[in-house]
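Chain IDs A, B, C, D and E follow the sequence of writing; residue 1 opens each chain.
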Amino acid sequence: MTGALGRLRRLTPALVLVLVGLAVWQWYVTASAVRPQVLPSPLRVLTEGWAFRAQIWANALPTLQVTAVGFAVSLAVGWAIAVAVDFSPWLRRALTPLLVASQTLPIIAIAPLLIIWFGFGLAPKVVVIALVTFFPIAVGLIEGFGRTDRQATNLLRSMGASRWAQFRYVRLPGAMPSFFTALRIGITYAVTGAIFAEYVGASAGLGIFMNLQKNSFRTDLVLAAVLVTALISVSLYGLTFLVQRLVAPWSRRG
Amino acid sequence: MAELKGAEHKLVIEGLRKAFGPLPVLDGVDFDVAPGEFVALVGPSGCGKSTLFDVVAGLEPPDAGRVLVDGADATGRVDPFAYMPQRDLLFPWRTVLDNTTLGLEVAGVPRKAARARAGELFEPFGLAGFEKARPGELSGGMRQRAALLRTVVQDRAVLLLDEPFGALDALTRIDMQLWLEGVRAGFGWTVLLITHDIREAVFLADRVLVLGPRPTSVRHETVVDLPRPRDVSMITQPRFAELEAEVLGQVGRGRAAGADSEH
Amino acid sequence: AAPGGGSAAASPSTVRIALDWTPNTNHTGLYVAQQEGWFAEAGLDVQILPYNQTSPDTLVSSGAAEFGVSFQNSFTFSKAAGADITSVMAVLQHWGSAIAVRADRADITSPADLDGKVYGGFGDPGEEPKMRAVIRNAGGRGEFSTVSLGTSAYEALYAGEVDFTEPFVAWEGIEAELRGEPLRTFAYADYGFPDAYGVVLIGNSPWLAAHPEQAAAFVRAAQRGYQLAADDPARAAQLLEEANPGAFSEPELVERSQAMLSERYLRDASGRVGTQTLEQWSGYSGFLVDAGVLTGPDGAPVTTRPDFSTWFTTQYLAQP
Amino acid sequence: MTGALGRLRRLTPALVLVLVGLAVWQWYVTASAVRPQVLPSPLRVLTEGWAFRAQIWANALPTLQVTAVGFAVSLAVGWAIAVAVDFSPWLRRALTPLLVASQTLPIIAIAPLLIIWFGFGLAPKVVVIALVTFFPIAVGLIEGFGRTDRQATNLLRSMGASRWAQFRYVRLPGAMPSFFTALRIGITYAVTGAIFAEYVGASAGLGIFMNLQKNSFRTDLVLAAVLVTALISVSLYGLTFLVQRLVAPWSRRG
Amino acid sequence: MAELKGAEHKLVIEGLRKAFGPLPVLDGVDFDVAPGEFVALVGPSGCGKSTLFDVVAGLEPPDAGRVLVDGADATGRVDPFAYMPQRDLLFPWRTVLDNTTLGLEVAGVPRKAARARAGELFEPFGLAGFEKARPGELSGGMRQRAALLRTVVQDRAVLLLDEPFGALDALTRIDMQLWLEGVRAGFGWTVLLITHDIREAVFLADRVLVLGPRPTSVRHETVVDLPRPRDVSMITQPRFAELEAEVLGQVGRGRAAGADSEH
C-alpha cells in the first residue's frame, strides 16, 4: 500500500461517498425542479464555478495569504500562552478563564472596534483568525503538557534538570500527540476564520466573493467558492499528518 | 554529632519518615555509607524501598529526618545522585542512544560528546546495533540495560539503582554485575542497590542492609567480608553461602514479624 | 409551480412575512396593522417571522414565507435570477439611503469630490455601478476603491477609515445627529440618478395567483398601517415599540425616524401610500440591466430589459 | 486549600487580571472621551446591563436552552461518528475528509438552505450548534481511541475480548483524557455557536438581543450581553472539570 | 503425524518463525507440552522469548509454523491461553480489584461474581487491603502480583507467564511459587513460564527448555526428575544443584555460540 497508488486507494472510500452524495443531490434537484437560487445542482456548481475560475482564483489567493499569516500568529500566540501557563500556576489560574471568555466574543459585535483599532489592512483579519484558532491549540498544548507522567518528570529532576529542561525533554515531546490533535482542529477553523474575517472588512477574498454572489442570488457561485474553501481546508488538514510524520514520527500509531 | 559523623561518611541517612496519606511507609530509616562503598538493600515487596530512594534522591520530601552528603545537609538535593528508577522510563520520542544521553544533555554536555560517551557503553551493555532503534523495539531486558546505561553514564558521586538487573537472564546479569564491579572502583562511585536477589546482593556489596516490612526501617546489617575484586568463583565458596544464608534468615525474620501489617 | 422547498402555510388564512432586518421604522405599517387588529379583522393570521440571515426574496420565492420586506435593488437581482416573486406595494417611495460623508469633511462638497476616495460598502453588486454613475453625473470620473465592511461601515466612516458610505438616512443618519456627529448626504436623485423604491413589500407569485382575496386583504391592511404611520408618526412609533418590547433602547431615534419617514418617504407625489409606477421600476432596474450586472436563471448575463410591468402590481391596493 | 475559601482563592489571579484590565479600560474611556457607541466604559456596561437585566435574562434563557439541546446533539453526533470510525477503517477514510470539509462550510452561505429546510423552530439552531461543536469532539475522540497502547490491546485480545470489549475496556477509558480536552474546546464554542445560530433565525435569545441593540447603536448593551455570554461559557467550561472528576477521576493529574 | 503427536499433547509448537522487518527473531521453534505439564523457558535477554509467547497466544501471526492445542490447529487462537505479559499493564482507570477481574468480565462473568472470585486471591497474593487502590499507588512487586492474579483467575487451560516473579523479593517469590505449585495440580493447568531465575525454573518445572540467542530456537531440554509436590527443602538436595548446573551450562553454551549475533 505504499506509493502514489496506495495513497490514492486509501482515498477511495471518501471519493465513493462524495460521488454517491453528489449523485443523490443531482437527482433530487432534477426531480424536484427546485430553483437554483435555493439549491443549484452539483453539475451547475461545477460548470459555473469553472466558468468563473479566474475570479475565484483571484479571490482565493488573498484568502490563502490571510489564512497563512493569521494561522502563524495563532500558532505563536497559542504556544506562548500554553508555555507561559505551564510554567506558572499563577498565570494558569489567571489566564484560563480569560482564554475561555475570549472565545465567547461574538466577532460581529467587536468587528467595528477591530476596524477602528486596526484599519482594514491585514491586521484585523489576522486578529480574527488568531482569535478563532489559537484556542484549541492553546488548550491542546496546555493539557498535553499537564498529562506528563509524574515519574518521568521525577527522572528528569533526578538528573538535575531545571524546570526548563524538564519542559524541553519531557513535557514538550510528551505533548506532541495532543498538539497535533489540536493543530488539526485549529487549522480546520483557519480558512473559515479567514472567510469570516473578510466580512469584517476586505476588498477581495473568498468571503467577499461569496457575499457578493449571495447578494446577486448566485447560490451556485457561492457553493463553488465553498467547494474551493473545503478543498483548501482538507489539504491543510492532510498536511498536518505530513508535518507530524516529520516532526514527531513516534507519535503516530503504526 | 551528626556533622562529625557525616564528615567521615559519603552519605548519612537520618531518621527518615514518610507516609502516603494514612499509609506509613518509612518508619525512621537510619544508615550511613562510606565513600566508595557498595551497599545493597533487600526487603519484602512493597515495604518502601523505592520510596526510600525517592526521598534520598530528593524527589519526595520526607515527613521527618534528613539526608547528609559529605557531611552537609542534602535533603531535597538531586545533584549528588544518579537514580535508576524501577520502571525503565525510556521515552518513545528518542532513539535508544538519545535516551541514554539524556542525563548528559541535561547536564549541558554537547550532544556529540554525549553520544560518543554513551555510545562506547553500547558494546559492553549488549546493545550494539540498537543505537537508532526506538525503545518499543527492545525486549524487556534490553530496555533495562539501556536505563542502567543512562544512569551510570551521568557519572555522579552516588548511584541509586532500583533493581537494575531484575529483567536479565542469569548470564547477562552476571556480565552486567561484573562490569559494574569492574568500573565502580575506578570511578570511585558510591553505590546503593535495591535487589531481590540475595546472591546478587552478597556478590556485589560491601554491606547488605535488610529492611523490615512496611512501615519499614533497617532491621539488620550484614558486612560482606569477601575480598575485592570479586569474581564468579567466589559464589561457590563456603563463606559466600554462609553470608547468603544469614541475609536470607534476616529477611525471613523481618517478614514474619511484619506479616500482620501487610494484610 | 407549487412553492418549492419550504413548508406551506397551515391554512390559506395563515400569512407569514419575512423581515429584511431587525424590526425598525421601515416595518411600522405591518406592526401597526397587527397591533390595531386589522389583519385579524381581514380574517388573516399573520406571523411576522423572526429576522434571519436568509434574504426575504429567497424565503418568499421558495414559499417559506408568503410575503417579505425587500428593496427594489435586491428585488431586481433576485427577480432577474428567476425568483418567483412580485412587488405588491412600495413602502418607501424613494431611495431610503444616500451617499454620506462626515459633515466635517470640507474637502467633499459634491459626489464629484469622491474620486480617488475609499467607499465602505456592503458587498451589494449594485452599489459600485450606482456610485460610479452618481459621481460621473456630478462631474467626476467615477474612480474610487471599495472595501466591503457590512455594518461596520458606519464606524469606519466616523473613524476616518473610509471616506463615504451609504446609510439609511432615516436611521443611521438620525443616529449620527443624535450622537452629535452629523453626516453630509448626497441624494442620488439630485444628480440625475434614477429614483427607486427604498423598501417594497413582495409576495410569492404563485401564492398570490392562488389566493387573490387573502392577498388583497393582507396588502390593504398593511397599506392602512403605513397610512397611519404617515398620518400620525408618533402613535405609529408607539405601536411599533409596543409590538417589540425591549427592542428599542433609544425611543428618540424611533420617533424622529418615524417622523422623517412620514414627512419625506411614505407618500407619493399625490399623497398616497403604497403606490408603484412602471416609470420608477424601469428607471433604476433598467439602469442595472444596462450596467450589465444582472444574471439570468441560467447564469448568463441579462442584456435586454424585461417587461417590468410584470414585476409589480398595484391591484391589491385599496382604491383611492 | 479545600472548601469554598480555597476555591475562591484559586480564582484570585483571574480576578486580579480582570480588574486591572477593567481599570485600564475605564481610565482610557474617561481620558480619551471616546464615544460610547464606539467603546462604552465598563461602568456604563455594568450599570446599563443591570438596568436591562430583566430583558437580558429573558433572552439568556432561550439561548441556554438552544445551547443545551444543540450541544447534546453535538455530543451524540461526535460520539457516534468517532465510534463508527474507530470500528471501521473504511468509514475512517470515507468520513474524515467529509468531517473536515463540514467545518469549512461558511454558515452564512448555507443559512438560507437551513431556514428553508428546517423552518424557524429549534431545528436550524441545533444544526448550527452541532455543526460548530461536534468536530473537536469527534476528532478528540478519534485520536484518543487511536492512541491506545498496542500491548494493552493485545492483553485484551489474549483474554478473548471481542473488538467491542477491547473498545469498552481499553480504548474507551484510554480516550477519556483526549475526550475531556476536546469537550472543553467544544463547549466553549457551544454558546458562541448558539448566538451565531440565532442570527440564522430566532425570535429571542442573546444573539437577537445583541443584534437589536447593535442596530439601535447601544454598544454598551451589546457588551453587557457579551459579558453574560462569557460568564455562561466560563461556567460551562468549569463544569467539564467537575464532570471529569466524577467520570474519570484518574485522568487528571494529582 | 503431527495430528497423531498432537493427540497425546496439550500443546504442540511446530517450526515457528518470525522476523521483525529485517531482524529474524524466531528461527524455527519446536517443542511440545503434555497436559498438566509445567515447562520453563530460559534464554538470553532479547533472544525472542516474549515474541514466542506473543505468537503462541495468537497475538502475532508467525511467518511460518503452527500451534496445535489438543491436536487441533490453534494458530492465531487466543482462547486456550491465559497470558501474563512482561509489562504489568494495569489500567489506571480501574481499581486494583477491577484490574484483576478484567479477564472474567471480558469472559462474561457477572461483575459481582468476578469480584468475589478475584477478591479471594488478594490474601494469598499479599494484596489484601489494596483492593480499592489505584495501580499507581502500588509498589513494583505489588503490581506484578496483581498482574499474575489477573491472569490465573481467568482459569484457562494453558498459562503463559512471562517473568511473573521478576520484581519480587526472594521470600515473596517463594511464597508465590509455592502457591502456584499448589493450585496448579488441582486445576490441571498446563503452564509455560519464562524466567531468568534458573533456580526458579528447576524448582517449578517438569522440563526446562533452553533457548539460544536471537534468532532463537530450542537448544536444549532438561527434564527435572524431582518428585512432586516440590517443597523448599529440595533446593538444598544435590540433584537440584546438578540440574541447576546443567541448565546454567546450556544457557552459557548457547550464549557463547550466539555472541556475535547480539553485537
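Brief remarks on what is shown
We adopt the following convention: contacts are C-beta pairs under 8 Å (C-beta built on N, C-alpha and C of every residue); 3 or more make two chains touch, one makes a residue touch a chain.
By chain, with names taken from UniProt: A, D = ABC transporter permease.
Only a predicted model underlies this, so the values are computations on that prediction, with no experimental measurement involved.
Between chain B and chain C, the least number of touching-chain steps is 2. Contact with both chain A (ABC transporter permease) and chain E is made by B, D.
Here the largest set of C-beta contact pairs joins the chains A-D.
Among the remaining chains, the Cα-based centre furthest from that of chain E is the centre of C.
A centroid comparison over C-alpha atoms places C as the chain most distant from chain B. Each chain gets one centre point, the mean of its Cα atoms, and the points for chain B and chain D (ABC transporter permease) are 50 Å apart. Chain C and chain D (ABC transporter permease) have centres, each the mean of its CA atoms, that are 37 Å apart. Note: centroid distance chain B to chain E, computed from Cα atoms, is 28 Å. Of all residues in chain A (ABC transporter permease), those touching 2 or more other chains are 38-39, 112-113, 116, 199, 211, 214, listed in ascending order.
Looking at chain E, residues 87 sit in touch with two or more other chains.
Contact with two or more other chains is made by residues 5, 55, 58, 62, 151, 155, 159 of chain C. This structure has the following touching chain pairs: A-B, A-C, A-D, B-E, C-D, D-E.
On chain C, the positions that touch chain A (ABC transporter permease) within their shared complex are 1, 4-5, 55, 57-58, 61-62, 74, 77-78, 81-84, 122-125, 145-152, 154-156, 159, 161, 293, 295, 297, 299. By the touch criterion stated above, chain D (ABC transporter permease) contacts chain E in their complex at residues 149, 151-152, 154-161, 165, 169-170, 173-174, 176, 248, 250-251.
By the touch criterion given at the top, residues 35, 37-38, 52, 55, 58, 108, 111-112, 115-117, 119-120, 199-203, 208-209, 211-218, 221 of chain D (ABC transporter permease) touch chain C in their complex.
In the complex of the two chains, the chain A (ABC transporter permease) residues touching chain D (ABC transporter permease) come out as 10-14, 16-18, 38-39, 90-91, 93-98, 100-101, 103-106, 108-109, 112-113, 116, 135-136, 139-140, 143, 146-148, 150, 177-178, 180-182, 184-185, 188-189, 191-192, 195-196, 199, 207, 210-211, 214, 219, 222-223, 225-226, 229-230, 232-234, 237, 253-254.
Within the complex formed with chain D (ABC transporter permease), the residues of chain E that make contact are 54, 57-59, 78-79, 81-83, 85, 87, 89, 91-94, 102-103, 105-107, 134, 154.
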